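Each of the next two complexes has chain A plus one more chain, namely chain B in the first and chain C in the second.
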Partner chain A sequence: MIGQIAIHLLFGIAVTTTVLYALSLSSSAESSSRAVVARWLFRLLTAGLVGCAGTLITLILTHQFQYTYVWNYSSTELPTHLLIACFYSGQEGSFLLWTLFVAIIGVVLQPYAKRHGYEAPVMVFYGLILSFLTLLLVAKNPFSFYYETFAAKGITAIPEEIPLNGKGLNPLLHNAWITIHPPILFMGFASMSVSFAFAMAGLVRKEYHRWIDVALPWTLFATGVLGFGIMLGGFWAYETLGWGGFWGWDPVENSSLIPWLVVVALVHTMLVQKRTKGLVKTNMILALLGFVMVLYSTFLTRSGVLGDTSVHSFVDPGRFAFWILLLFMLTFVVIGVVLVLKRRVDMNIKREEFDVSTREFMLSIGSSLIMASAIFVTIGTSWPVIMEILGLPKVAVATDFYNKVHQVLVPFILLVNGFSLFMHWRSTQRQLVLQKLWRAALVAAIGTMILALFGISNLWPLALGFAAWFSLAVNIQVGSGLLKAGPAMMGAYVSHLGIALLMFGVITTAMYSETYHAVLVHGKPVSVGGYTLTYLGSEQVEKEFVDREKYRYFIRIENGDTRRTVAPVLYWSDYNQRQSPFLEPGIRWGMMNDLYISPKNLGREDVFHETIIQKNNTAVVPIDSSLRLQLNGFTMPLEEGPSDDGRMQMSAVLRVSDSSGNITDLKARTKITNGPNGPAFDPEWAVIPGTTTAVGLISIDRDNKDPSRSKGTFAFYDTTKPKPYARQEFTVEFSVKPLMSLVWIGVIAMVTGFGFSIARSLRMLKKQAAVRSTQLAPMPDVES
Partner chain B sequence: MIRKLIIGLAIVFIPLGIWYAYEYGRPLEVAFSDAIVGATTSSESEQAPKVVIVARVLSLQSDHDLLCSDTTGTEFRIEYTGSPNPHGFVSNKVYRFLGHVHDGAEPYFHATQWFE
Partner chain C sequence: MTRSTKKVIIGGITIAVLAYIGFSALGSSSIEYTSIQKAEQLGKTVQIVGTWVKDGGSKYDAQANIFRFSLRDENGKVVPVELNGAKPNNFEIAVSVVAKGRMENGVFKASMVLTKCPSKYEGQPADQHQGTSSS
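Let's look at the complex of A and B:
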């Protein structure tokens, strides 16, 4: 109850803070009493959110299942790190995490903005964001009691009857990545609010240039963190989900990619404005768009509008939360658009044309191409919603749509990146560009020829390869010239280098990966794609979970003298009523290639020559074609009585006829054990009279709607030979993925580059502030 | 110049992108047997492609379990898990169902949307 009241109180505090900051806008001095109160209220709000988060974690850790959220997402079997992850595994908790991060960033932002004379105008917008987020928490309160939730659904639950255990966490989320990927992603989302707040503050203050300097480190931070979060998600998918890729253009993936693309474009256009004072309106619009796209993506993935068009599940948040999400998004669109339109004439001051042979021109083109990518991904992701509005079948676009669009865009982006680094700000001598260009062009041409020699003949990978080699060569060429200046100067080059490496990884894995299907019989080596795979056996893990019997299947991979063992996982769980298996791949990581084993199926060797017969139908006995077997029906367990060991028994009533027309009736009995994977059958082998053929009933497929269509599966063996032993069979998909490591190295380089750039940007800001303080220069733009 | 260039490219390429999305976001209208072929030829890691089947309802176990026939007369089962039909499905009436095939010994169509 206290938690629910606290959430309502926090909403009130957020609104009050915003109002007080808005009122302090009108006063000349920001140190007015209203701003002081607002400042303390903001800190109180943050402390309250920390308290709420701490309380929720405590409730989860101490298994307080009287709370719907705790009951829905956690259980007593979970280890501590997964219990902590339960905090943000549902909508309510993830909204709380997002709100918490926005507030914590706000505590750092507040003195920063104050130092740069932006506290009130920035914190008004920031407070408004927090007001909406806390309102969302009111709608999706993580502190609701389970009996309240049931009551809302028309089910009566007795408050005193607290569930003994929770429903547990989705087994797909049972890995270490859940403890790191969502928090980083939400930190990225939260930090996207800052650039927006600064841009809006700039519009309020009519300071169209100074906000760029102040907001740039935050924009770089948001870009780096969100980019890292997105790729951690890709790594998680690759390492855990077992479908073999790291990016599937799923709406959930796209929903974080779109704001990231916008903010990447924004970083580049901010640099242009910083150096040339151009692209003023563009930056305002991109800062607005970046934040609005975070809200739009949240709306798409949290409102339930995408329905079943994704591999992720989308929980309908309820009408109240749906309208808050919509209102949240529309409010900021309206505020941003009104402010931009109101100031559009002001912002046109000193607009100048960029010459083609300048860095600003190239960066503008590059940003436009990145924005084109964002627009196309938005169209694709929104497609089911557009179709629903038009009353047409609500279908997600095929992933080929995204692939084909980016086959065109990405080579151009990489080429423009290379060209932009050869250009100077304001003007560049074309002769100078040509002098530098030929080396990079030569490297790109040779690199592309090497790719062609290795068998790539399609236009797209060759074009992408050329562009990636070109970008790589230019970044190394220009970046190495700045090595002496220290790593802070290297940020952009390291990031671009990372992107080029990432593209090489994409090309090599897309074009050179080889995939094979293999059926691995226990202990029997199988040659697959130049490697020898041997299934060595299995080991049960995570025995504490009662919803599953989870096994690791050990597979040895040999190539010459090299031997490695990987352990993919395949299991069924009650969590999804055992409708489909949960898979985890086994990966042998390597610099040159990854060996990726994705489990597909588990069974037993067909050593008994099985055949399926429908009731009243006849089949030829597989090991003796002179015999025909007719299934007349099944006896019921009551007729058979229990077996000696107490198991339930059933028999198939069979009629056997041979080629001479002799007919014999017999029963094939089986003992049945009901287990979590369905019934298991233990046949009693019946020898067909006058033959050496034994028959066993190994499964019954009962048709409850039409019992006459029920079927039995029968196994046979020749009794003159030793009874065969069916070994376990493990069916896998084995892939060799060359240079996959480049994808991850590229991402790490890209994020590291952002780190260098943030450091440089902060250092420059400090220098500017020092100059200002010594010169006692006025703070606002000197535009007029 | 850059302003005109970007606006010009946006005017050309955004409608082109929408048309392209339309091409890739339009489910094919197929017979049940074609849907099975589509399901068996798609990769194992992917769900079978979403398609539309024009089907006549032959009998109903419930609004979620329908026995239907497609335009070629093939009988097949539809498991419907989408938004409920406010009027309920009616025997001998033709509907368009969107969904995908569940392949296996007894394939069936898992529909998530319906249209008149």
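Let's look at the complex of A and C:
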């Protein structure tokens, strides 16, 4: 009860904080008593959210299944790190986590904004965001009681009706990544609110330039953290979920990519405005759009509108939450658009034309291309919804749509990146650019020829290769010239180098990967694509858990003299009543190559030439084509009586005809044991008279509606040979992925670069503040 | 021609080219959700939402890497499906499946089958939950 009251109270506090900050807008903000109260209320709000989160995590860790959320997403078997992940496994908890992160960032943001004289206008918008988030929590309250949720089903508050265990967490999610990836992603989303709040504050204050300097470190932070979070998701998909790749253009992946692309474009246009005072409106609009796209993505993936189009499962959040999400999004769109329109004329004052051969021009072009990518991804992801709204037949967009548009866009983005680094701000001597350009172009041409020599002949992959080499060469050339200036200057170059490397990884894994289908019989080496695979057997792991049966399947991979063993995992879990196994790939990581084995199927070798015959039908005996077998029916267990060991018995009544027309009648009897996975059959082998062929009935498939359509499965072997033994048969997909490591190295370099850039922008901000406090004219930005 | 009109023209052309690329890619990559009957008429790649016909069983042919089962669409029509690949995850407990592919000689040749699991968020209390997955 306390939890639910607390959530309502927090909503009230958030609204009050917003109103107080709004009222203190007109007065000199810092000293007004309203601002002081608002400041404390904001801290109280954050403390309350920390309390709520602490309560929820305690409830999960102590298995308080009287709470619907705890019951729905956790269970007693889970280890601590997974119990922590249960916190945000459902909508209620993930909204709480998002809200909590927004509030915690706000506690750091408030004194920062105050220092830069922006407290009231920034915190008004920030408070409004938190008001909506806490309202969402009111609608999706994680503290509902089990008996409340199911009151309509006749569940009452008595202790006997509290479930003894929770439903648990999807076994696919049982690994450390779920403890790491979602919080980082939510931190990225949460930090996107800050640039937005600063932009709106700038509009309110009619200060169209200063917010850029103040908001830049936060924007860089959001970009780096969100980028890192997205990469971790890709790594998770590759390493555990066995999707084979690191990116699948799934709606959920796209919905985190879209805001990231917008904020990447924003970082670049903010840099342009910092240096040239141009792109004032563009920055306002992009800051608004970045935040709105976070909301739109949340709406797309949380409102259930995408339905069948994703491998992620979507949950209908209920009408109330759906409308709050929609209202949340529309409110901020309207606020942003109205403010921008109101200040439109005002912002035009310093309108400026960029010369083509300048860095600001190139950065603007680059940002436009990145925005084009964001628009394409948004359209592709929203297409099913758009078609539905237009009343047209429902469609899905195949993932090759994204590949088609990006294979054109990305080469241009990389080329523009290279050009922008050669250009200077304001104006550039063409002579100078051409001099440097030729070297990078030469490197790119040679690099592209190497790619072609290794077998790429398609135009666009080669164009991407050329552009990636070009960008790589330019970044190394220009970046290394700045080595002496220290790592803080290197941010942009390290990040862009990372993107070029990532693109090489994309090219090599997309163009040079080889994939083979292999059926591996236990102990029998199989050659595929220059490698020899041998399935060596399995070992049960995690035996201490009773809710699952988990095995590692060892596969030896030989290539020349090198031998490696990988172990994909299959497991059966109570989560789906052990009906089908969960799969995890086995990976041999390497700098040059990843060897990737995804398990596909586990079966038995068909050494008995199994044949299915329907009642009253005839089949040729597989190991002796002169014999034909007709299934006349089955005897009932009552006719057969029990076997010596007390098992139930049934027989197939068969008629055999040979090539010369001789007909023999025959009964194939089998012993039946009923087990949890249906009946098991143990055939008594019957030798067909006058031949060396033995037949056994190994399963009966009864058709209860129409007994004449029942089927029997028969096995055969030659009695002159030893009776064969059916070995385990492990079917896998084996791929060799060259230079996969570049993908991860590239993204890590990119994120590291953001770290350097944040440090640099903070330092410059401090310098400017120092200058301002000594009442000197603002110092121009320093760049060597 | 002034510099700014030149820029407007170049910008306009770029936007037009990008829009063309986007919409032609969208056109060629859009896959309609449809019924079995419609899929037969169209003969092109479509997606069908339906359920697995359990009586018809399912079988994976490891050598050929083909998974076979029968699909009943929302109109009640049944079609044999040949998926190029292994049995999809959670196939048995799926409440519905989405098959992407095309009709060829009365068989739906699928390149992808997505399974929709019974939502564990459906709002069933604990004792009734056991029953939901088998229904």
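By our rule, the second predicted complex is superposed on the first by the 669 of 784 C-alpha atoms of A that agree within 3 Å, B and C clash if a C-alpha of one lies under 4 Å from a C-alpha of the other, contacts with A are read in each partner's own complex, and residues count from 1 in each chain.
Simple rule for what comes next: a residue touches a chain if its C-beta (ideal position, glycine included) is under 8 Å from a C-beta of that chain, and two chains touch if they have at least 3 such contacts.
These numbers come from a predicted model, not from an experiment.
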(request) Once the two structures are overlaid on chain A, check if chain B and chain C clash or fit side by side. (result) clash
(request) Could you tell me if A:364 is touching chain B, chain C, both of them or neither one (first, second, both, neither)? (result) first
(message) Quick check on the superposed pair: does A:603 touch chain B, chain C, both, or neither? Answer first, second, both or neither.
(response) second
(request) Applying the touch criterion given at the start, work out whether A:90 contacts chain B, chain C, both or neither, answering first, second, both or neither. (result) second
(message) A:6 in the overlay: touching chain B, chain C, both, or neither? Say first, second, both or neither.
(response) neither
(request) Give one of first, second, both or neither to describe whether A:500 is in contact with chain B, with chain C, with both, or with none. (result) neither
(message) Is A:163 touching anything from chain B or chain C once the two structures are fitted on A? First, second, both or neither.
(response) second
(message) After superposing on the shared chain, does chain C or chain B touch more chain A residues?
(response) C
(message) Show me the chain A residues, by the header's touch rule, that chain B contacts in one structure and chain C contacts in the other.
(response) 308, 311, 353, 372, 375-376, 379-380, 383, 393-398, 400-401, 404-405, 600
(request) Within their complex, state which residues of chain A touch chain C. (result) 71-72, 90, 146, 149-150, 153, 155, 163, 167, 172, 308, 311, 313, 315, 353, 372, 375-376, 379-380, 383, 393-401, 404-405, 408-409, 517, 519, 576-577, 579-580, 582-583, 600-601, 603, 701, 703, 729, 731
(request) Over in the complex, which chain C residues touch chain A? Could you list them? (result) 3-4, 18, 21-22, 25-26, 28-34, 47, 49, 55, 57, 60, 62-63, 65, 85-87, 89-93, 96, 98, 100, 114, 116-117, 119-121, 123-126, 128-129, 133-134
(request) Could you pull out which chain B residues touch chain A in their complex? (result) 1-2, 5-6, 9, 13-14, 17-18, 20-21, 23-27, 44-45, 47, 49-50, 52, 61, 82, 96, 98, 112-113, 115
(request) Spell out the part of chain A that touches chain B in their complex, as residue ranges. (result) 242-244, 307-308, 311, 353-354, 356, 361, 364-365, 368, 372, 375-376, 379-380, 383-384, 387, 393-398, 400-401, 404-405, 598, 600, 705, 733
